[in-house]
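Shared between the two complexes below is subunit A, which pairs with subunit B and subunit C, respectively.
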Partner chain A sequence: MSVRAARQFRALLVKDLRLELQTRETAVAMVLFAVAAMVIFQFAIGTRTDETTPFAGGILWATLALTAVLGVGRSYVPEREQGVLDGLLVAPVSRMTLLVSKAVAIASYMLAVEVVAVPLAGIFFVEGPFFADLGLLLVVCLLANAGIGILGALFGSMSLFSRARELVLPVLFLPSIVPVVIAAAGATHAIAGVSNDMAEYRGFCLFLGIYALVFGLVAYATYPYVFDD
Partner chain B sequence: MTETSSGRRLAVIGTATAALTAVAVFGVFFVAPEDADQGIIQKIFYFHVSIAIASLVAFGVGCVAGIRYLRSREQRHDDVSVIAVGLGLLFSVLVLLTGSIWAKASWGTWWVWGDPRLVTFLIVILLYAAYFVLRSSVEGERQRRYSAIFAIAAFASVPLSFYSVRVAQSFVHPVVFTQGGANMPSSMVVWYVVSQVAAIGLFLTMLQLELIQRRAERRLRALKLQLERALA
Partner chain C sequence: MSEGAALAVLGPNGAGKTTLLRMMATLLRPDAGELRVAGHECPEHADRARALIGYLAHDPLVYLDLTAWQNLELFADLYGVPRGGIGDVLERVGLLARAYDRPRTFSRGMMQRLGLARLLLTDPRLLLLDEPYGGLDARGAELLDALLGAERATRAVVLVTHDVERGVALADRVMVLRAGRAVLDEAAAGLDPSAFRERYEALVR
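Now for the complex of A and B:
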């Protein structure tokens, strides 16, 4: 990445994060949504079993996947409603810089939610010792967020120009991130509670890394065509 | 490409596919040996795996046609992509149906969530169903462009679905084809190969048929427009 592209990337990322810091609309709504979803999961699953630890990873990542849909949709509101996109498209900024900055912004929103949702999931659903190593869980979050951010940036941009975009985005996005949910839930489960299966954890983390890499390449190859008119 | 050559190609592929399908059905039911463990239900393997591979071929064709569309912006590549994805989706639904029948007979249940391969095939179906939702919600040239982008992205998830099987280390689904070769006698492999070629032939025939129909519809619309203008 050239110095100019790095500067543009920083400016675009700061634009997204500063807008969020000023309004605090997206992150607060995402956190509230995540907490509400976990409470719903508790009443749907937790009240029917005494042992919720095996479900903790699944509940956490199902919640985060649904929250991601909300975050991706919200992250494109300024582009859509305040004419930001028109300005960006006529500016001498490469499409890749647009993609990377939006992907990092979405991943940052997710990280903000995870700071609240992960400990809460531990308190709500894990019995006995809390997640064996929060550092290991941070790696899972970062790898999963990379995949979610890349796909969110790609599909979020495409949904900008579609009719009924509120419906199109979840339909495109959710099936695409199911492998992320499977792997992230598996990795979380491997280190939750008393279990500490590092071989399984590494396998799922490797999958998350490959997933982010593959979709990073796909987005790199296809994103310039999203705004090609 | 002229319509005559398209028609001739359809006739050749269609005839070969019909012959191969007849041979495959005969071979599978009357020549191939019956599986010692599973009995007659194992016969569904020849169709289940063949259409599974054919569906992946269809999604691959959809992806390649999508790439060619993005590079050339030619309508014919979009036609091939959308038809291939549609046929791949149809074949995938058949894969789940035949897989469910096999699962019921082998494991006593219609669906096994513990097997990531079955589950990821379901995900692939959901993904490609989303392709048509996207297509119907965008218009004009952007519709073809976004469809091509999505066909490429969705196809990238196909190898990931197989990789997830290795990561999750589930052995519920019988693994017939391993790195060491096929876990079945050569008398079964032969009929599997015939079934496989027939399934891919079926895909190519339906693709060609649909392409000819689309071109004919487009030509008819153009003629109708010309006629309306002439009469006006």
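Now for the complex of A and C:
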């Protein structure tokens, strides 16, 4: 990335984070949604026991996947509703810089949600300590967020030009992140509670990394055409 | 078009004026033909062309929930121009006192002036203006007149407008579009703006 592209990336990311800090319309809504979903799961499954513990990772990532749909749907709202998209597209910024900055913004919102959702999953569903090593969980979150961010930025921009975007986005995006949910839930399960299956954990993390990389390349190849016409 | 040249694109609603401008702004890909913007083949070298383009549409193309200053900081970084000029530009458009307010609280005229400030900051070689006077207040219109008049020497201007008289008066070449085709393309020198209206009406009828 050139110095100029780095400056543009920083400006676009700061713009998204500033907009979020000033309006609190995306990350806050995502956190509230995640909390509500967790509470519903808790009522549906019941009080935490040894039997609920193995499901904690799955419930956590299913909740985060649904929350991501909400966040991605909101991620291009300022550009769409305030008519700024043309201003960005006519600026000398590569389409990839636009994509990466939006992907990182979505991943940042996801991280904010995870700060709340992970402890909540522990409280609601895990008997005993949820994680012995939070650093290992952070790696899972970052890798999963990378995949979610890239796919979210790609599909979010594609849905910008669709009249039925509220329908199109979940239909395209949610199935695409199923592998992320499976791998992230698997990696979480491998290190949750008293489990410590590092081989399984590494395998799932590797899958998450490869998934993000592959869809990064897909986005690199297709993103410039999203905004053409 | 060379530096200092100004083209007025006239035509009724649906004639293709905005589509033509959006193609020049590299926002649309032409179905056929060649498009060269500021010497760069588009869309192949659109990135290079974009650095030289200033585009002002009906909307000011600014974020309503960032302050005026933050908006200009964003565009300064995107265009690779120093942030040092932001204060001067805001003063020039009469918005320095409102630099830390959000455009959401601005009047329509003030928002358009902020859009003008975005143009002034990036100092484009090619100005693409789509009905730029719409929504502008007196101060904004004065600034735009200066940009299209005395300060035009170093840039080319394409002005899309419904205002036939103003278009003929400001430009040195006039193009009239009807149903996506140019039905007139000639020098504006010697044209009487008010007399040209009758001819224009006959062309687009």
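One rule holds for everything that comes next: the second predicted complex is superposed on the first by the 224 of 229 C-alpha atoms of A that agree within 3 Å, B and C clash if a C-alpha of one lies under 4 Å from a C-alpha of the other, contacts with A are read in each partner's own complex, and residues count from 1 in each chain.
Simple rule for what comes next: a contact is a pair of C-beta atoms (placed from the backbone, for glycine too) under 8 Å apart; a residue touches a chain by one contact, two chains touch by 3 or more.
Just so we're clear, the structure is a prediction, and the values are computed from it rather than from any experiment.
In the superposition on chain A, A:S2 makes contact with neither subunit B nor subunit C. When the two complexes are overlaid on their common chain A, residue A:A11 makes contact with subunit C while staying clear of subunit B. Looking at the shared chain after the overlay, A:T222 reaches subunit B, while subunit C stays out of its contact range. Here subunit B and subunit C are compared by how many residues of subunit A each touches, and B touches more. Look at A:T23: by the touch rule set out above, it reaches subunit C but stays clear of subunit B.
In the superposed model, A:F207 lies in contact with subunit B only, and not with subunit C. Using the contact criterion defined above for the overlaid structures, shared-chain residue A:V84 touches subunit C, although it does not reach subunit B.
Overlap of the subunit B and subunit C contact sets on subunit A: residues 228-229. Within the complex formed with subunit A, the residues of subunit C that make contact are 25-29, 43, 47-48, 50-51, 53, 55, 57, 59, 61-66, 70, 73-75, 77-80, 102, 118. Those residues of subunit B lying in contact with subunit A across their complex are 70, 116, 119-120, 123, 126-127, 130, 133-134, 137-138, 141-142, 145-146, 148-150, 152-154, 156-157, 159-161, 163-164, 167-169.
The part of subunit A that touches subunit C in the complex is made up of residues 4, 7-8, 10-12, 14-15, 18-19, 22-23, 78, 82-84, 86-94, 228-229. For subunit A in complex with subunit B, the residues that touch the partner chain are 151, 154, 158, 161-165, 167-168, 171-172, 174-176, 178-179, 182-183, 186, 203-204, 206-207, 210-211, 214-215, 217-219, 221-222, 225-226, 228-229.
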